[in-house]
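You will see two complexes here that share subunit A, one where it goes with subunit B and one where it goes with subunit C.
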Partner chain A sequence: MSETDRLLVVEDLSTTFTTPSGRLPAVSHISLSLDQNETLGIVGESGSGKTVLARTIMGLQPRTNVEVTGSVLLNGHQMVGVSEAEKRNYWGTDVAMVFQDPMTSLNPVMRVGRQIDEALRVRMNMPKDAARARAIELLELVGIPSPERRYRAYPGQLSGGMRQRVVIATALACSPQLLIADEPTTGLDVTIQAQILNLIDELKERLHMSVVLITHDLGVVATRTSRIIVMYAGRVVETGSTRDVFHRMRMPYTRALLESSPKVTSPSHTRLHAIPGRPPNLVNLPPGCSFAPRCASATQRCHEERPELEVDSTPGHAFACWNPLPIRPERVA
Partner chain B sequence: MSSALDEVLTEVQTDKRGPLGPLFWVCVGWLGLNVFGAIFANILPLHDPLFGNYNAISQGPSARYWLGTDDLGRDIFSRIVYGSRISIAVGTGAMVIGFGVGAPLGMLAAYRRGRFDSILTSFMYILLAFPAIVAVIAVLSFWTPRSMFKIIVVIGLASIPLVYRVIRTATMAVATKDYIIAAKVQGATDRRILMKELLPNIAPIGISFLLIGVATVVTLEGALAFLGLSVNPPTPSWGNMINEARTVLAQNPWLVFFPSLALCLFLLCLNFIGDRLRSHYDVTETKL
Partner chain C sequence: MTIERTPLLKVRDLTVTFGKGHHAVSAVAGVSFDIYEGETLGLVGESGCGKSTTGKALMKIVEPTSGTIDLEGVEVTKLRGRDLRNARTRMQMIFQDPISSLNPRRRVKDIVAEPLDCWKSVAGDERAAIVSKLLNEVGIDPFVYGNRFARQFSGGQCQRISIARSLAMRPKMLICDEMVSALDVSVQAQILNLLSDLKDEYGLTLLFIAHDLAVVKNVSDRVAVMYLGKICEVGPSDVLYDAPAHPYTKFLLGAALEADPDAPTHGEVLQGEPPSPINPPSGCRFRTRCPLAQERCASEEPVLSDIAPGHQVACHFPLISRRD
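Moving on, here comes the complex of A and B:
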């Protein structure tokens, strides 16, 4: 498949904010691509630039104090440096987004049905009745019981899980080809989390969408994605097929992330591994590897020189590290 | 999926808002009565507010003169009803100007941000730095002859920065919410977002500020009338009635009492309605 046939091609994308304390490179020099019907996982801890990356791909930047360079080709449409009016043509139909917190991503004073059929009426010029029928269909599709009644409900009358389903329904309204889910389960409790993730998975298959799943939980992406990008301090530090990243991880940060999630197989009262220190201040990054100050295997070189992404033995698997972990045949997870 | 459980939970959470309460409706009724009186004062069977009956000077309340007469023998009840015209017209007229200009600008500035917002907001804050009442007094002192129209315009213009600030802040709190971005990425235009997403969310704050604004302007008109800067006598307004009655306070206390009572009740009702509506419609405060 050639580059132009791909659904999403991001090249050398950087998003820099101008803050009172200096320039803040929230996303620097990221390249990635996504095929039809593929799921890409973007993993990293809070503040690693996942959300900014997602919003930049969507073309959602604040109107001021931000500079975006590079290229985002979505279905062949350039999303960087074009007017909002133009991006509006692609929003909804080419790409849609599920937000982090269903408590704030629905308008509290609008009936949920109207929030869904609004998109249909504005973007697809559907007549009122048809939009209503389609909205009820969508509510049913995302597994909301008695959708005719919920159509008239206000967001405050629904539980968190139900609300996130409604958010997904609004995102699906114009049948997008790419769905970006930005930590779609953060605001929900664990049992609902799995339901929502399975729902996204199932909808992806049924509607032939591609999905970008953003999370800080490696466990979430393990079974649901075909490829993974691990981000740290606005950069990609490891990328590859889900299998490679899990079984042949080379970047100490990836391992640290994995070790910091609890495992069912560990005996009870096992202490969780926390990554020491905190993510670096992006305004003045260290000259070397951004992870070096928190890395157990850091050497002098790590502090002085920044490692670039380097392709590993398996094609498609790349990592940015001077002292990569040895490849071991053993299973890590 | 446990749809039965969800069903139950949804039912539990379905929360009908409580009633607004009888006091609210009493206040609405009282305001309605005031407005009705102001509009139909000409048709209602009232004494002429300007006619002095020299056979009935400075009388207390009686069957003929319900609230008594003043030192020129004019019927106080009819003067209060006619006086409400000035208060209500000035209060609503000034707020129509203030909101008509201040609210759209405030919403636009909060939604657009950037240079437009910085320049406009700095300008408004400079205006806010002037003591509005002093400015209003100064302008009205020189812009003669005074008419109700001029008073409405001056107070209306003076209220624009205040309305702007409140609406801008309220809009800003909403404009950064995810659902605004969500609406945007569903293809909603700026105009649609402003009218359909932002406006309903700031309406409760806007309406209560509007009512309290009317109350403030009515008080301000009273203060101006007291200083002799409102409509010229003998046209009655609540403020100038209090002012005129002040000189005979010792002899005729009810001359001050009744217009003051009318003013107080009017303001109390406005404030109460505004406050009640705010807490009633504040979805975000209680429900989410």
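Moving on, here comes the complex of A and C:
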């Protein structure tokens, strides 16, 4: 498949905010691409730039104090450096986003049905009755019981899981080709989380969408994505197929992230491998690798020179590290 | 086994009801459990199941409606005034949001010394020495950071300061309410390791309330699972996670995500959402979502009873067979 056939091609994208304490490079030199009907996971801790990256791809930066360079080609349309009016042509139909907090992404004093058919009436010029019928169809599609009744409900009358379903229905209203889900299940209970993640998977297949799933939880991306990107301090530190990143990880940060989270399958009182220190201040980044101050295998070079993303032996698997972890033999299942 | 030991905390038929009449919500609807000295009891459940309210009722931050709470032979529910304050020195609580549980405009060393000042137990050099020791123990250098304000710290550091403050009166028991859920995984691991070190050092008994099953298993000796204001299963954590007896526990564990692409694909997902605690279902509270529910579940409420030594379940049709 050639580059132009891809749904999303991001090249050398950087987003820098101007803050009172200095320039803050929230996203630095990121390149990625996404095919039709593919799910890409973006993983990182808070402050690693994953949400800013998603918002920059959407073209949702603030109007002032921000500088975006590089290129985002979405379905062949450039999203960087174009006016909001132009970007509005692609929102909803080419790309749509599901935000983290389902309470604040819905208008609390507007019935949920109207919030869904607003997109249909404004973007698709649908007559009112048709929009209403389509909105009820969408509510049914996302698994909301008695959709006619829920159409007239206010967000406050719905539970967190139901509200997130409404947000997904709103995002799907104009049949986007790419759905960006930013921490769609954070703050929801585990049983509801499983329902929402299954729903996104199911809708992706049914509607032939591509999905970008952003999360801090490695468990969320492990079985639901084909490729993942690990971010740290605004940069991609490792990327590859999900199996490669989990089983043949080369970047010490990826391993540290995986080993620091407790597992349901390990016995009680297992000592956790905590990562010492905390993520760096982006305004004042060290000259070398951003993870070096917390890394157990850091050497002098790591502190002085920044490693670039380097392709591993397996195609598509790349990492940015001077002292990568040794390649483990393929795990025998 | 822990069974031989005397419990440090005995809770019997604890209920907490908010509101009156038709609007009454029974957040905690008859909960009984023991916590033995030196152990960690994990309390898991989905939001709204009453786990935080249970923790707060133990501290009498919310007033229990009925039931008894026995801490080392002292009946806490009846205590008032000075006696209650006295009892609270032996039981301390750590809250979910580390940043809002510290006064942003106070200095770290004063925050940690606050319990000591309240009791006027120590002063001067001795007070300073205790504060320095506590801060050192939670990994915050008292000479560098002691004079800084709480607002200058990150979430993980604020949680360390909260822990130091809660240990100032040398309590027997700590109630940790979702203490790591607001933290990033790398910081969460630091705090969990710290908690486990301090537990050994101070001989603490913990009630660890959280929604994250993996975190609860990591810290707990025994785990209690709550659903809609009631405990549906209690057991040693390894046993409960390996062979859950209550269908709800099984679904909860099935929904936990494993960070492994080769993990078995997800089993059956629990449908629907918990019913409202204003009008809970008759009989077993889980029956409306339970695939195994039968008529008996609607008419008769299952009581928590032994299914194996130290393992209790409240279900008419448990998933594992009873043995004595």
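Brief remarks follow.
Simple rule for what comes next: the second predicted complex is superposed on the first by the 326 of 333 C-alpha atoms of A that agree within 3 Å, B and C clash if a C-alpha of one lies under 4 Å from a C-alpha of the other, contacts with A are read in each partner's own complex, and residues count from 1 in each chain.
Everything below uses one rule, namely that a residue touches a chain if its C-beta (ideal position, glycine included) is under 8 Å from a C-beta of that chain, and two chains touch if they have at least 3 such contacts.
What you see is a predicted model; the values in this text were computed from it and never measured.
Looking at the shared chain after the overlay, A:L60 reaches subunit B, while subunit C stays out of its contact range. Shared-chain residue A:V167: touches subunit B; no touch with subunit C. By the touch criterion stated above, A:S46 is placed in contact with subunit C alone, subunit B being left untouched.
Using the contact criterion defined above for the overlaid structures, shared-chain residue A:Q195 touches subunit B and also reaches subunit C. In the superposition on chain A, contact is made by A:M97 with subunit B only, not with subunit C. Looking at the shared chain after the overlay, A:S268 reaches subunit C, while subunit B stays out of its contact range.
Legend: residue contacts after superposition of the two complexes on their common chain; A:S159 is shown touching both subunit B and subunit C.
Once the two complexes are overlaid on chain A, the subunit A residues touched by subunit B in the first and by subunit C in the second are 159, 161-162, 195. Subunit A contributes residues 58, 60, 62-64, 88, 91-92, 95-97, 99-101, 103-110, 115, 118-119, 122-123, 143, 145-146, 150, 153-159, 161-162, 167, 170-171, 173-174, 195 to its touches with subunit B in the complex. The touching residues of subunit B, counted against subunit A in their complex, run 1, 3, 6-7, 9-10, 13-15, 112-115, 177-179, 181-189, 192, 196-197, 200-201, 283-284, 287-288. Against subunit A, in their complex, subunit C makes its touches with residues 46-47, 154, 156, 184-190, 192-193, 196, 211-215, 217-221, 237-238, 241, 251-263, 265-266, 269-271, 273. On the side of subunit A, the complex with subunit C involves touching residues 45-46, 159-162, 189-195, 198, 216-220, 222-223, 242-243, 246-247, 256-258, 260-276, 278-279, 331, 333.
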